[in-house]
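Pasting the structures here.
Heads up, the next two complexes both have chain A, just with different partners, chain B and then chain C.
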Partner chain A sequence: MTETLFEKIWNSHIVVEKENEPSLIYIDRHLIHEVTSPQAFDGLRANHRDVRRRDLTVATIDHNVPTTDRSLPMIDETSSTQIKTLEKNCKDFGIKLFGINDPNQGIVHVIGPQLGITLPGSTIVCGDSHTSTQGAFGAFAFGIGTSEVEHTLATQTLWLEKPKTFEILATGKRKNSFAITSKDIILSIIKQIGTDGGTGHVLEYRGDAITDLSMEQRMTICNMSIEAGSRAGLIAPDEKTYDYLNNRMYTPKNYDDLVDDWKKNLMSDANSKFDKSFTIDVEKIEPQVSWGTNPAMVSDVTGKIPTPEDFGQNNEIQIESAKKALLYMDLKPDTPIIEIPIDRVFIGSCTNARLEDLKDAAEIVKGKTVNSDVGAIVVPGSQMVKLEAEKLGLDKIFKDANFEWRESGCSMCLGMNPDILKPGERCASTSNRNFEGRQGSGGRTHLVSPVMAAASAIAGHFVDVREWC
Partner chain B sequence: MKPFTKIISIITPFDKANVDTDQIIPKQFLKLITKSGFGKFLFYDWRFDHDGQEKNDFILNDSTYHNSQILITNENFGCGSSREHAVWALKDFGFDVIISPSFADIFYSNCFKNGVLPIILDIGKIKKLLKFKDKIELDLDSQKITFGDESINFEIDLHRKIRLLEGLDDIDLTLKEDEKIEYFEKNSSRISIFE
Partner chain C sequence: MIGNVIKYERDNIDTDVIIPGTYLKIHDYNELATHAMEGLDPDFPSKVKDGDFIVAGKNFGCGSSREHAPIALSTCGIKAVIATSFARIFYRNSVDGAFLLPIEIDDETYQKISNSDKLEINIEKNEIKNITKNEIYTMKPFSEIIAKIIAAGGLFKYKK
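The block that comes next holds the complex of A and B.
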C-alpha cells in the first residue's frame, strides 16, 4: 500500500492505536517559550509530575523580549515576570534555555532549524501555531495549546486524531525569482483555498516550484500553513534539506547514517493518495499585498481593492467580512494597491526574518533612503541571523537608509513587546497575520514579502517591486 | 476538571465569521502566568472603547445575555494563534458551549482540555436555534439540544464526550499507558538533542 510522507511519519510515531479513537503519538522535539508555558509548569508542580524527556526539550524567550538595547532594564513588568518565570521553570525542571542574552536566542521557529534541533521525519511541537514552519524539513511540526504543552512535558506524547492529507502541487517557474518570493506563493495559495481550506488536514507542498526553493524560502511557505487552517504543512526533504542541517550546533553525531536512512524513506510514495489536492501555477503569481483582516484577503500588487461583492462571490458571510475589513482598514473599493500610503514598515517575524530575507531586502534598500513619512524597522529572526547579517554589512545598509536595526524577537508581528502600531497606523509587514489589532490596537497590517516591504519603505506607498530589480 | 453537566441557558448570537484568537483575547493580556482571570479581557477590543468604556452595540455588553453559557457563532471560529488563553477567557466569562458551523483545529482541541464543549452544527440548524429566544436545554450525554417543543441532535467524538462527562484528566489517562511509552522508547530510540 502506498503512503504519503505524513502517513509514514505518523505511523512511525504511534505509541497506542485504538479503532475510532485518537492515537497516542510520540513527540521527538518539544520547543517552549515564555507565553504559553507558565501554566503548564504550574500544572506539573500541582500534580507532582516531572518532565519526562529533558533531552528532547528546549526553551527560548521570543514573544516578550524588547528588541532595543538589552542591557537596559525591561520597562514592562508583566513581560519581565513572564520571562523570569520561564527562567525559573527551566532551572527547576532542568530544561535547556536559550535565554535573553544567549547568542542562540531567537524566534523559536528560527532557532530550531538553525541549531540543527529540527530533524526530518520527526514530530515537533511547540505552544505556538507557527511551529508549522519546521515542516519545511519533512517533519510533522505543529502548534499546541498549553494543556498539550503540559501533557508533552509529562508524557512526551500527545493524543491526536489522525489528520487528513492535502496535496498542494506548485508547478511552473516564477517569472522573476527575486521579486516574486515564496511569501507570494503562499499568500496566493491562501487567497485561493481560504483561511479554513486546510482545516483538519496536513498540507504537503510538492512540485518543481517547491523543490526549486531554498530551505529558508520553504520555511516561509510552511510557516503560513496555519493561516490556511492547517496545523501542519510539510515538504519532503532533499539534498538542500540535508545540506542545511549538516554541521549545525546540535546536528546528531551519526548524521550521515541518518541521512542515508531518510533518503530511503522520507517521501510520499509514487501514486500515493491524498484526501484533497490543489494545483497552483507559480508562473502566474505576482507580488502579493493583503488588504483585509485575514490572510485570504489578498491582491496582486497590480490590482485594486475589491468590492465586498466581488470578493464574496455570493457568499453572504464573506461579503459581510469584507465590508467589516474595509471599514477597519479604512480602504475604499477600486483603490489601486500601489496608491495606498504606509506609515510603518516591519521586516521581521518567524515568516520572513532569516538571513536570505534580510539579504534580499538589503539589495533593494542599498543606497536609498526610507521615505520621510515612514518609520521602518528590521528585526532579525535570531541573534545568530543578526550576527551573520552584520558580518555581511547588512546592518549598515539598513541603518544608512534610516531603517532601525534591532535585536531579535517576535517584535511587531504580535506586539507583545514595546514594538506596536499606534491606532490607525498602516504597516507593510513581512509577518503572517493581518488580524484586527494584531500589531497594536487599531493598527492596520498589510502582509507582503521582504522585498516588497523594503521597496514600499523607500517609496512611502506600495510599489511593484518587479520594477525595482 | 469538573464533569460536564446538563446546561440550561439562553444562547448568545454572535454573528461573526473567522473570529481569530487575537480577537478573543488580545495579546496584551497573554502575560498573565495563571489560568484564571481572563474573562474580563474577553473580546477586549470589541467590547471596550479606547477609554475602557463598554461599547453599547457589542452583543456581550447587552444585559440580556449576561448569564448565557452558550455562544453561537459563525464559521472558522478560533482561527490563528494556538493560545489556550482564548478558551480560558471564554470559560471564565461564563461560556461552557460554543456552537459553530466549523472550528479551527487547535482551538477545537483546546476547548476539550478545559471543559468547554464545541459543537459543530450546520447553518440550517443554527438558524433554527437562533430564532428561539428562551432558554434551551443542552444534554451532552444524549447529544441533544431541546428548545421548546423541538430538539436537534449533534455529533461528537465518543472518546472526547466521555472525557468531558467524567471530567477526566488527560495526563492521568496517558500515564496509564506508561509501559507502552517505555516500550516505544526502547524499541525505537529517540535522537537526543544533547548527545
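The block that comes next holds the complex of A and C.
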C-alpha cells in the first residue's frame, strides 16, 4: 500500500490506535514560550504532575520581549511578570530555557531549526499556531492549545484525530527569483484556496518550484500554512534539509545514520493518494500585497483594490466581509496598489526574519534612504540571526538608510510589546496576519515579502520590486 | 442549555479580535474578560449576559493558539459559540479547558438564527431549538473523542 509522507510520520508515532477513535500520538519535541504556557505549568502543579521528558522540551521568550536595549529594566510590568513566570517554571521543572539575555534567544519557530531541535520525520508541538514553520524539514509540526501543552508536558503524548492530506503541487519557475519570493507563492496559494481551504488537512508542498527553494524560503511557506486553516504544512526533506541541520547545537550524534534512514523513508510514495490536491504554476506569480483583513485578501502588485462584488463573486458573506475590510483599511476600490502610501515598515516575524530575508532586503536598501514619511524597523528573528547579519554588515546598511535595527522577538507582528502601530497607521509588514488590530488597535497591515517591504520603505508607497533589481 | 444569541454576520472572526495581543500578558480571567471581542465589538463585555451564545460564520477562532480567547468569552458568560465552522486550535482549546461548547451548524441554520433569538441547545439530541421563532435545527454531532472530553469536563478529567 502506498503512503504519503504525512501518513508515514503519523503511523510511526502511534502509541494507541483504535478504529474510529482518535489516536494517542508520541511527541518528539516540545517547544514552549511565555504566553501559552503559564496555565499549563499551573495545571501540573495543581495535579502534582511532573514533566515527563524535560530532555525533549525547550523554552524561549519571544512574544513580549522588548526589542530595544535589554540591559535596561523592563518598563511593562505585566510583560516582565510573564517572563519571570516562565523563568521560574523552567527552573522548577528543569527545562532548558533560552532566556532573554541568551545568545540563542529568538522567535521559537526560528530557533527550533537553527539549533537543530527540528528533525525530519519527527512530531513537534508548541503552544503556538506557527509551529507549522518546522514542517519545512519534513516534520509533522503543529500548534496546540494550552491544555494540550499541559498534556504534552505530563505525558509526552497527545490524543489526536488524524488529519487528512492535501497536496499542493507547485510547478514552473519563478520569472524573477529574487523579486518573487516564497512569500508571494504562499500568499497566492492562500488567495486561491481561502482561509479555510486547508481545514482539517496537512498540506504537503511538492513539485520543482518547491525543491528549488532554500530551507529558509521553505519555512516561509510552511509557516503560513496555518493561514489557510490547515493543521500543518510539510515538505519532504532533501539534501538541502540534511545540510541545514548538520552540526547544530542539538544535532544528534548519529546524524549520518539518521540521514541514511530518512533518505529511504521520508517521501510520499509514488502514486500515493491525497484527499485533496491543488496545483499552482509559479511562473504566473507576481509580487503580492494584501489589501484586506485576512490573508486571502491579496492582490498582485500590478493590480487594483477590488470591488467587494468582484471579490465576493456572488457570495453575500464574502462581499460583506470585503466591504468591512475596505472600511477598516480605509481603501477605495480601483485604487492601484502602487499608489497606496505607507507610514510604517516592519521587517520581522517568524515568517520572514531569517538571514536570507534580511540579506535580500538589505540588497534593496543599500545606498538608499527610507522615505522621510515612513518609520521603518528591522527585527531579526533570533539573536543568532542578528549576530550573523551584523557579521555581514547588514545592520550598517539598514541603519545608514534610517531603518531601526532591533533585538530579536515577535515585536510588531502582534503588538504585545511597545512596538505597535498607532490607530490609522498603514504598515507594509513581512509578518503573516493582517487581522484587524493585529499590529496595534486601529493599525492597518499589508502583508508583503521582505524585498517588497524594503523597496516600499524607500519609496513611501508600494512599488513593484521587480523594477528595483 | 438556554440562552440568547449575539450574532456576528462575519466569517473568519480571528483570535486577535476576540482578545487583542496586547492583553495576552493578563493572567487574571476577570480582567481578561473586560477586553473580550474588543477588536470587533467593544460594547460586548457590557451587553453580554451569563448564558448567552455567540453565532457567527465560518472559520471562527482562526489565528493564534491563545487559550485566552475561549477564556475571555467564557468568563464573560458565553456558554457556546455556534458557527458554520471553527479553526481547530480554538475548537480544541474550548473543549479541552471546558470553557465553552463549539457547535457547528450548516449555512441554512446560520441564516435562520437572528440576533437576540432565544435558543435551547440539546447536545444529547444534537438539536437546537429556536424558542423565539419556534423552529428546530440540527447541529453537527461532536466526534467521539470531543463528546467524551465534553462529558468528562475537559481534557484532564477525560481518562482513557
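One rule holds for everything that comes next: the second predicted complex is superposed on the first by the 469 of 469 C-alpha atoms of A that agree within 3 Å, B and C clash if a C-alpha of one lies under 4 Å from a C-alpha of the other, contacts with A are read in each partner's own complex, and residues count from 1 in each chain.
FYI, a contact is a pair of C-beta atoms (placed from the backbone, for glycine too) under 8 Å apart; a residue touches a chain by one contact, two chains touch by 3 or more.
These figures come from a predicted structure and were not determined experimentally.
Novice: Looking at the overlay on chain A, is there a clash between chain B and chain C, or do the two fit?
Specialist: clash
Novice: For A:Gly200, is the partner it touches chain B (first), chain C (second), both, or none of the two (neither)?
Specialist: In the superposed model, A:Gly200 contacts both chain B and chain C.
Novice: Please indicate which partner A:Arg29 is in contact with in the superposed arrangement: first for chain B, second for chain C, both, or neither.
Specialist: First partner only, chain B.
Novice: Is A:Arg53 touching the first partner chain B, the second partner chain C, both, or neither of them?
Specialist: In the superposed model, A:Arg53 contacts chain B only, not chain C.
Novice: After lining up the shared chain so the two structures overlap, which partner does A:Leu169 touch, if you call chain B first and chain C second: first, second, both or neither?
Specialist: neither
Novice: Would you check which partner chain A:Leu387 touches, where first means chain B only, second means chain C only, and both and neither mean what they say?
Specialist: A:Leu387 sits against neither chain B nor chain C.
Novice: I'd like to know which partner A:Ile319 touches here: chain B for first, chain C for second, both or neither.
Specialist: After superposition on chain A, A:Ile319 lies in contact with neither partner.
Novice: By residue count, is chain A touched more by chain B or by chain C?
Specialist: B
Novice: Please work out whether A:Gln156 is in contact with chain B alone, chain C alone, both, or neither, and reply first, second, both or neither.
Specialist: first
Novice: Considering only the contact definition stated at the top, list the common interface residues of chain A for chain B and chain C.
Specialist: 16, 20-22, 24, 35-36, 38-39, 43, 47, 63-64, 76, 78-79, 81-82, 85, 127-129, 143-148, 150-151, 159, 161, 195-196, 199-200, 229, 231, 294, 317-318, 320-321, 414-416, 433, 435-438, 441
Novice: Can you list the residues on chain A that touch chain C in the complex?
Specialist: 16, 20-22, 24, 35-36, 38-39, 43, 47, 63-64, 76, 78-79, 81-82, 85, 127-129, 143-148, 150-151, 159, 161, 195-196, 199-200, 229, 231, 294, 317-318, 320-321, 324, 414-416, 420, 433, 435-438, 440-441
Novice: Touching residues of chain A toward chain B in the complex: what are they?
Specialist: Of all residues in chain A, those touching chain B are 12, 15-16, 20-22, 24, 26, 28-29, 35-36, 38-39, 42-43, 47, 49, 53, 55-58, 63-64, 76, 78-79, 81-82, 85, 96, 117, 119, 122, 127-129, 143-148, 150-151, 154-157, 159, 161, 163, 195-196, 199-200, 226-227, 229-231, 250, 252-253, 258, 294, 317-318, 320-321, 414-416, 423, 433, 435-438, 441-442.
Novice: Under the definition above, what is the set of chain B residues touching chain A in their complex?
Specialist: Those in contact with chain A are residues 17-18, 20, 22-23, 26-28, 30-35, 45, 50, 74-76, 79-85, 87, 102, 104-106, 109-110, 113-114, 157-159, 170-171, 174-175, 177, 180-181, 184-185, 188, 190-195.
Novice: Using the touch rule from the top, collect the residues of chain C that touch chain A in their complex.
Specialist: By the definition above, chain C touches chain A via 9-12, 14, 16-17, 20-22, 24-27, 38-40, 57-59, 62-67, 85, 87-89, 92-93, 96-97, 143-145, 154-156, 160.
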